[in-house]
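Take a look at the structures listed below.
Each of the next two complexes has subunit A plus one more chain, namely subunit B in the first and subunit C in the second.
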Partner chain A sequence: MIVNKRVQSSAAAAVSIFMFLLIWHLATRFSELGNILPSPIEVLTAFFVGFVVPVGTHTMFVHIVWSLSRVIPFYILGSAVGIVLGITMGWYPKAEAVFRPIFEIIRPIPPLAWIPISIVWFGIGEGSKWFLIFLAAFITVTMNVYTGAKVVDPVIVRCARMLGANERQIFTTIVLPSSVPFIFAGLQVGLSSSWATVVAAEMIRSSEGVGWIIISSLDVNDTVQTLIGIVGIGTVGYVLAIIIRGIESKLCKWNKRGI
Partner chain B sequence: MKKGMKNLLLSTGSLTVFLLLWWICTDILEIVSPRTLPSPLKVFTTFIDKLTNKNPDGGTLIMHTLSSLRIALLGYGMGIFFGIPLGILMAWYSIVDLFVRPLFDLLKPIPGVAWVPLMIILFGIGLLSKATVIFISAIVPCVLNAYTGIKQTKDVHIWVAKTLGATNTQMLFKIAIPTSLPYIMTGMRVALGQAWVTIVAAELLASTIGLGFMIQQSRGMYRPDIIIVGMLTIGFLGSFLTYLLGLLEKAVVKGWHT
Partner chain C sequence: MQVEQERHIKTAVKCEGISKTFETKRGKTYVIEEVSLEVIENEFVVLFGPGQCGKTTLLNILAGLIPPTKGMVVVNGKPVISPGPERGFVFQSVSLFPWLTVMGNVEYGPKVRGIDKETRQKKAQYYIDLVGLKGFENAYPNQLSGGMKQRVGIARAYCNEPVVMFLDEPFGALDAQTRYLMQEELIRIWETEKRTVLFVTNNIEEAVYLADRIILLTNSPVRIKKEFVIDLPRPRDYTSEDFLLLRNTITKMMDKTL
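And then the complex of A and B:
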């Protein structure tokens, strides 16, 4: 029965994606739309050819690696700082009183709105992109971890206190473990936010990377290149999300979340 | 009570120290050049001035704000209008789920910004291209949350309704949708944040007015004071819109909280 359901849903998925591509193909083939939008066959061929033949200056693969090499180190750094600050603010009221007001000024400003000032501060090179990615990861992770450390069940804490646990024990055996699901929620949102940020930052100024593929296609009016850029960004974003979900299900099996 | 007062003092203290340090570094000791970081006083006077002054980017702060708000809310409204019913349909009718879900999964991992150049090619740099990009980024959280919300419907409630002879439509409107309301409101909140981020990004890339355009132009003209005013305005408006939505949420889902 379960196997049947699976077959049914993959069949439906295949049909619906095929129909979508077919309509797209027919629309570009037989209507005015064909003048500005390439057909899906052209886009998919160009996407795979892009792994062998350079798109602009590099192959697709090199562009993706460039973007990832900007994202990953500073995503990890931003998340690490975010986890520390979030837990400290969530658990120690004094730290909350000191850091919260300043954090509250920064938090609502979207990472992308930092692009102009980061260029003023760090130039148009790699520095400004690193800063933006750090910020994107830092803000989302801090926010989630802070919430996690705030909603620790007070009954458990009081229980531990009654049984004679000291503050350090309460912190390491109760507060930390119960924040883990929130840390992962933050890591997941932070990763997609960092990925979106690097794309935007590369669109503003860069000479390689997936954002560059898209923005340089505007200059040469090449919609095939725009679309392979979008396909590349979507694929990498999807793979990154799967990887982090895999790590989460390995590390905290007891916590299953929905979609 | 005493503890609360102490923390309040700490908070004001930390903000004051932050502003003082900023002021000392810029105006007093002049460690940082005003071309990189203007003093807090300068930011404040620029804010007041920019409310009425069109220079140097061709619009007052109010004009830019209204333009951004108009486009963001237009795209956001469309996202809600189509996204929530789509999420509900997907969760309630498995046939819709089977066929729409795969397409939705293809669309989901692409960040809103990535669509900007394509939409510029298709619709030009005006209102339509930006509203479409915002629509795409707002619809995703609306669909996801409405879907999750409907899926939370308790089997027991469905059984009771069935025993009492409710039709499928009645069960959808009397049980499933009320159950999903808190989730739908969450989706609307996330979508609002997304819409606001995306409008700023779209204006950074291509625009002739709007807050994103203002900060991008000011970078070219070495006016970091206007950039900071713009960033703070963007941040403040973002929180304010979320706050308004929170009020609506309280009014709508009263009593549904478990």
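And then the complex of A and C:
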């Protein structure tokens, strides 16, 4: 039954993507849109060709690996700091009183607004890119985890106290596990946010990466190149989201939300 | 003979002059006023009263979850000042730990108290079997029905081997059929593993079916209105003449105003 359902939903996804490509194709073929937008066949061909023939100085695969190598370590670091800060702020009122006001001011600032200052602080090399990616992950993860630790069911906490748990055990055996779904929600949003920030980060200055493909397409005025960059970002982002969801459903069997 | 007598009337829970007030703009409001009671070991006492009269607050005070404004609670000779494992609590809103399996929930108490894995799992298994959940050890709470969840709640409280069990309307959210079944089950479990029980309900039928003694409470503030010793033999019949007579007598005495 479950396998059936999975096949069904994959089939639905395939049909939906195919229909989208078909409409795109027909629109570029039979309307004025064709003058400003290449057809999907052209784009996808260029995308796959890009894995063999270099786009700029590298192949597609190398570009993707470059971007991932920037995103993943600093996404992990930003998330780790976010989880620690979020859970501390959500559970301990004193930490909340100290950090929440500062965090509330930093939170609404989009990562892009940090570009000039990140260049001043970390130079025009890799440092400023890492900083932006870190920030994107850190802000979303902190916010979600904070909410999670804030909404721990007080009856469950009382229950654990009644069963003999001390304060430290309340934190490790109740607050932490009940925040796990929120941690994953944060990791999910944080990942899209840091992966999206890679474009901005690679705008600063770079000679490789999927963000670079898009930025440099402006210089050569090549819409196909812009679109293969977009396809690259979309596909990799999608795969990353699936991986996170897979980990979540392994770790959160008790929680139906992730499925 | 003398020793035997003393052992039989050992006091498990004793409270004297318990009051709980809340400060409001118009002054002090009494939720509980001067409640004194004594429960002997292995007695099944039902605190019975109308609607939202503050029974839960009283039970929370007796269990040590909230402090009284005045008065003192003594359980097993020791004053109650905070929550503690010698008092088991079953909440109305089941409140199982959703990330733990049935086994994980039941062994939680002994686990946080530092009892080794083998001992605590053996004990947990015993209580899982006792409440009739054999075969569900590895199920998660969201895979269980309401009645089964309450069984886990009871097993979890039991597994800590408390001196007193506090049950706060544990069957309030169940459908009528499951509720009857659970009442029957609770008596079966209690008769196998005797404990002192303080049970809160607003259902008179449930009260008469379960109790050794019913303490009728007044509507806010909570005071003790009258006590009834129920000496009907178990298992009780909801429709027997004696049962219905008791049910009517107590209902008539209950505060009708809300």
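Here is the rule we use: the second predicted complex is superposed on the first by the 220 of 259 C-alpha atoms of A that agree within 3 Å, B and C clash if a C-alpha of one lies under 4 Å from a C-alpha of the other, contacts with A are read in each partner's own complex, and residues count from 1 in each chain.
Convention: a contact is a pair of C-beta atoms (placed from the backbone, for glycine too) under 8 Å apart; a residue touches a chain by one contact, two chains touch by 3 or more.
Quick caveat, the model's predicted, so the values are computed rather than measured.
When the shared chain is aligned, subunit B comes close enough to touch A:192, but subunit C does not. Contacts of A:180 after superposition on the shared chain: subunit C is touched, whereas subunit B is not. After superposition on the shared chain, subunit A has more residues touched by B, the comparison being subunit B against subunit C. Applying the stated contact rule after C-alpha superposition, one finds that A:159 touches subunit C and leaves subunit B untouched.
Of the two partner chains, neither subunit B nor subunit C is touched by A:220.
In the superposition on chain A, contact is made by A:114 with subunit B only, not with subunit C. Overlap of the subunit B and subunit C contact sets on subunit A: empty, with no shared residue. Across the complex, subunit B is touched by residues 8-9, 12-13, 15-17, 20, 36-37, 93-94, 96-102, 105-117, 119-121, 192, 195-196, 199-200, 203-204, 211, 214-215, 217-218, 221, 223, 226-227, 229-230, 233-235, 237-238, 241, 258-259 of subunit A. Across the interface of their complex, subunit C is touched by residues 153, 155-156, 158-166, 169, 173-174, 177-178, 180, 252-256 of subunit A. Of all residues in subunit C, those touching subunit A in their complex are 63, 65, 82-85, 87-89, 91, 93, 95, 97-100, 108-109, 112-113, 140-142, 156-157, 160. Partner subunit A is touched in their complex by these residues of subunit B: 3, 6-8, 10-15, 18, 35-37, 98-103, 106, 109-118, 120-122, 144, 147-148, 151, 193, 196-197, 200-201, 204-205, 212, 215-216, 218-219, 222, 224, 227-228, 230-232, 234-236, 238-239, 242.
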